[in-house]
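Beneath this line is the structure, given in structure tokens, with notes to follow.
Here the chain labels run A, B and C in written order, and each chain numbers its own residues starting at 1.
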Amino acid sequence: MRLRSIPISAWIGMFGIALAFIAALFAPWLAPYGEREIIGAVWEPMSWQHPLGTDNLGRDLLSRLIFGAQTTLFVALGASVLSFTIGIVLSFIAAVTGGWIDQGLSRVNDLMMSIPTLIFALVVLAALPQEIWILILVMAVLDSTRVFRLGRAVALDIAVMDFVEAARLRGEGTSWIIFREILPNALSPLLAEFGLRFAFAVLFLSTLSFLGLGIQPPEADWGGMVRDNNDGIIFGVPAALIPGGAIAALAVCVNIVVDWLLRRTSSLKGGRDG
Amino acid sequence: MRNEDGGGSLGLSPILRLILARLGLSFLLLFGVSLMIFVGIEALPGDFASTYLGQNATPQAVANIRAQLGLEDPIWSRYLQWLGGALTLDFGTSWASGQEVSAQIARRLSNSLFLAGVAAIISVPLAIILGMIAVRYVDKFPDRVINVVSLAAISLPEFFVGYLLILFFSVKFGIAPFPAIVYPDMGLWERLGMVALPVATLVLVVIAHMMRMTRAAILSIMSSAYMETAELKGIGAFRAILGHAAPNAVAPIVTVVALNLAYLVVGVVVVEVVFVYPGMGQYMVDAVTVRDMPVVQACGLIFAAVYIFLNMAADIISILANPRLRHPR
Amino acid sequence: MADALLEVANLRIGARTVEPDGTRAMLEIVKGISFSLPMGRVLGLIGESGAGKSTIGLAALAYGRGSVEITGGTVRLSGEDLLALGPRAINAVRGRRVAYVAQSAAAAFNPAHRLGDQVIEASLRFGLMSRREARARAVELFALLGLPEPESFGYRYPHQVSGGQLQRAMTAMALHRKPDLIVFDEPTTALDVTTQIDVLAAIKRAIEETGTAALYITHDLAVVAQIADEIMVLRHGEMVEHGTTAQIISDPQQDYTRALVNIRNVRKEAATDQSSAVLAVKGVTAAYGRGPKVLDNVSLHVPKGQTLAIVGESGSGKSTLARVITGLLPASAGEIWFNDAPLPPRLANRSKDQLRRIQLIYQMADTAVNPRQTVAQIIGRPLRLYHGLTGKTRQARVQQLLDDIEMGSGFADRYPAELSGGQKQRVAIARALAADPEIIICDEPTSALDPLVAEGILRLLMKLQAERDISYIFITHDIAIVRAIADSVAVMLQGRVQRFGPREEVLSPPFDAYTDLLLKSVPEMQPGWLEQAISARRMESGGQ
């Protein structure tokens, strides 16, 4: 793959994602102030000392944003990695084994998908104690249903190809077929799907925190910061829009990169024929 | 040219059988969902009463609350009681307010449906038209612009869009009301004025999703072999689209619309919280915050029912629009 | 020429390609083709895939499919250059004067409309006749083309009729507006042999009775010899040879043409001693789930080092038999014996050694090899799995196998996407050989390949059989292949074996009804064969 072949929009997307991860990883060194330091008046406008102003308690908004990146990204990443793993493992087993296992898993998956994710999350979180690991687990399990559906479709598409049958006829075991025959051919769509899941996790986590059901104070992610500052909107204070904008920017960047990945695979498929 | 199938044991046509099967499946799903919402939640670790009381969870207080809320009865009898009530639209009483849940739901559900309905009426035609424009100029400038803008729009969280609109249109320009206060006796125009901003928020988010899907559906139809045949018969672009593409486009587009309406149902929740709009979404979120389980379960069931119903409608329309099923061999 | 209907001069066509990195290029597909077609004559365009014949056919309608663009030359219809016309004018030409019959009629018809409406659509659009007249003419054409119940045929939907009927409906749609020229784009390629002959005859009759000129595109020289007055041989977008049918068939001037005319002159002496059996199928019956029987009491055997050809059309059960033999589908009755011992019916119950000895080659080589593995990995896996070879010994063996399949050592590190169809099939053969099998089941391995490439594969298989004494079960629908390479033949129809025995016996009269029909339906290259076959059929049905 030539570097020049990557369009500008994809570069911008990757740059944005990298920026967010750098902020998350090096937060304590990058942030000018502490996460909980009150260093000014409430909702001060943007200035030289506080490039993004202060929040509803007088804390530096830029520092809170950088620390918020840590929470948002790691929780979202954890949830999407977990959901992806669960979804792919189950869906590939279902696709390759077929029969009752496939039917059973698919029916359970259909049942879980018949409630919208947000509603399901609300119901479950109402009953559970508020811990970060519970939050990650709930997000992961609910999102894995989408991954299952896609993974199963991709795996089945590949599993009906003759080379998979040829492997079966050789006497290859199920794990060989999954890991050496099917998976290498599924990487492109799966990678794109992982990107989408991560973007969704960021948005979903932020929404839950915004509703007061996600990350609880004093830890803050970007969604929680929106919730903290939303009262200022009526007074014309844009403080709530800054973390909101960060969420949007990150999601846009991930979507741009995923869109580029998907275009690359489809052009490779259609290009050589005729 | 008789239908040799004979229609099975009931003598029904295959298409009717498929529709009935789909209907049955939906009811089965709804039943399964109710089980998950009621019984499944109980199966989770943690005790309602303790979490409900939070810091004040002394053993005596817990026991009292459990007896008071009827949590001591066996799970199955409570489930059947709840389900029976739900079928007669009686969802019990709220733990927080002590009031009838059903009365609240009746009012709030109509508010939410109004909000979603107005958003749908605006976004559906717009999404279809934008999809058609994108296909007309596929891979050229207008299509690329639409692609980038819609990609950005689907990445925006609803609350961000909502607060952005409030900041500009309510606070800075003062032309839209906030919060969105509606009450039962409001006139239609006044009501529409009140919901202008929340509707705009919903529309902006949903339209991006829907437009991308209609574009894909229309593109797939326009590249079908029969469209090429029409062109090679010299039919002309306009007639070809009207006569050949349109009949085959009904099913996929309707499916897209139904699926996005289901998405709209969820978007309503966040928008109601942002705009403090008295609908089902706000009701549910408030209840979750204080762990008012009867309200949470009732709202969950109703949202799920609407979602399942919309998905079923999409499937049934696909079935009806398929010529192979309408005219079997 | 004064009375030339279609005059193509120096036609150049290219395809726009976009590489993944965004660079655009124009790939030349047709590199300067010229010919002229008088009224009422049929010109056959023949060539292998990639020759550009479909592209030229579509250019006669001034159309380029997808990213294809006409970059130079002129296409004159009765003197008027079609390439210079505006959209409205070209629509009028397509509606009134030139018609196109596509390869896949199933995809070309709109599933949402009745066949009759689609057939008369263009005529109505251009006001050529009233609706009543149009309907009457459609019924006339349906009858001319031999479609069942012509009066009510137009009321059907595309999914309610068979593939052969759809192809004829498409021809009716083309003829309906009384065009001057029809372009037939491989109209019978996707059909069974016995259906093909009906459609061919219908097309020929229609062309003769209406006096239309035609471009007939195909890769099958035997078919085009029946229909065309002139033949143009194409290769890589260039003309190889152009002459009358009689001249091309009997006295080809160019080597390439000669090769096309002489395909399947691979001829093997049929072995006479067929007593030993390395594989025997005894009374096998099989079905999918609780469905109807796909195989019904099938018995046959393959002697060591010989080729059994199983021939039949779609639905005959020949591919299912392969699945039963390999254990993918267990038989519900009967047994498969291998070297005097019964095989476990299920794949899962067979030993690795049993699996090793029976290998399978697929029809579509594209999907038969893993696109993410190199040639060396594909061929090397059975070596590792069955013989435990690793490292240098395995590498050496892979080289040996590459030599056996007549591909050099440079191919070891290539990926399938870099190979042609024929090369991929050779890799699949090498993969089968790597196991050192006793019998290879070949499931239509040449059907998806061009005639000359297929010829190469057949020769390779024969060579390998002579060297290694491998038995083949060769599944095919192509009688010509059967005549060329089989030692014994089994004819299958709807899950049953109609005839089984040594080649010469099976292919000599007296015949059962089906084998008779099958053998008579295979197009021969000599002109006039079609008329003979049709009149022979008419005599038979007339005599009953």
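Observations on the model:
Methods note: contacts are C-beta pairs under 8 Å (C-beta built on N, C-alpha and C of every residue); 3 or more make two chains touch, one makes a residue touch a chain.
Since the structure is predicted, the reported quantities are computational estimates derived from the model, not experimental observations.
Contacts between chains leave no pair untouched here, as each chain touches all the others. The highest number of C-beta contact pairs joins the chains A-B.
With centres set at the average Cα position, the gap from chain B to chain C is 49 Å.
Averaging C-alpha coordinates per chain places the centre of chain A 22 Å away from that of chain B.
Remark: chain B residues 29-30, 32-33, 36-37, 41-42, 44-46, 48, 51, 147-148, 151-152, 154-160, 163-164, 166-167, 170-172, 178, 262-263, 265-266, 269-270, 273-274, 284-285, 287-289, 291, 293, 296-297, 299-300, 303-304, 307-308, 311 touch chain A in the complex. Those residues of chain B whose C-beta lies close enough to touch chain C in the complex are 1, 224-226, 228-236, 239, 243-244, 247-248, 323-324, 327, 329.
Chain contact summary for the complex, chain A toward chain C: residues 1-2, 4-5, 7, 161-163, 165-166, 168-172, 181, 184-185, 264, 267-268, 271-272, 274.
Across the complex, chain B is touched by residues 9, 110-112, 114-120, 122-129, 199, 203, 206-207, 210-213, 223, 226, 230, 233-236, 238, 240-241, 244-245, 247-248, 251-252, 254-256, 259 of chain A. Here chain C touches chain A in the complex through residues 15, 17-22, 29, 66-68, 326-328, 347, 350, 352, 355, 359-360, 362, 364, 367-373, 381-382, 385, 417, 431, 435, going by the rule given at the top.
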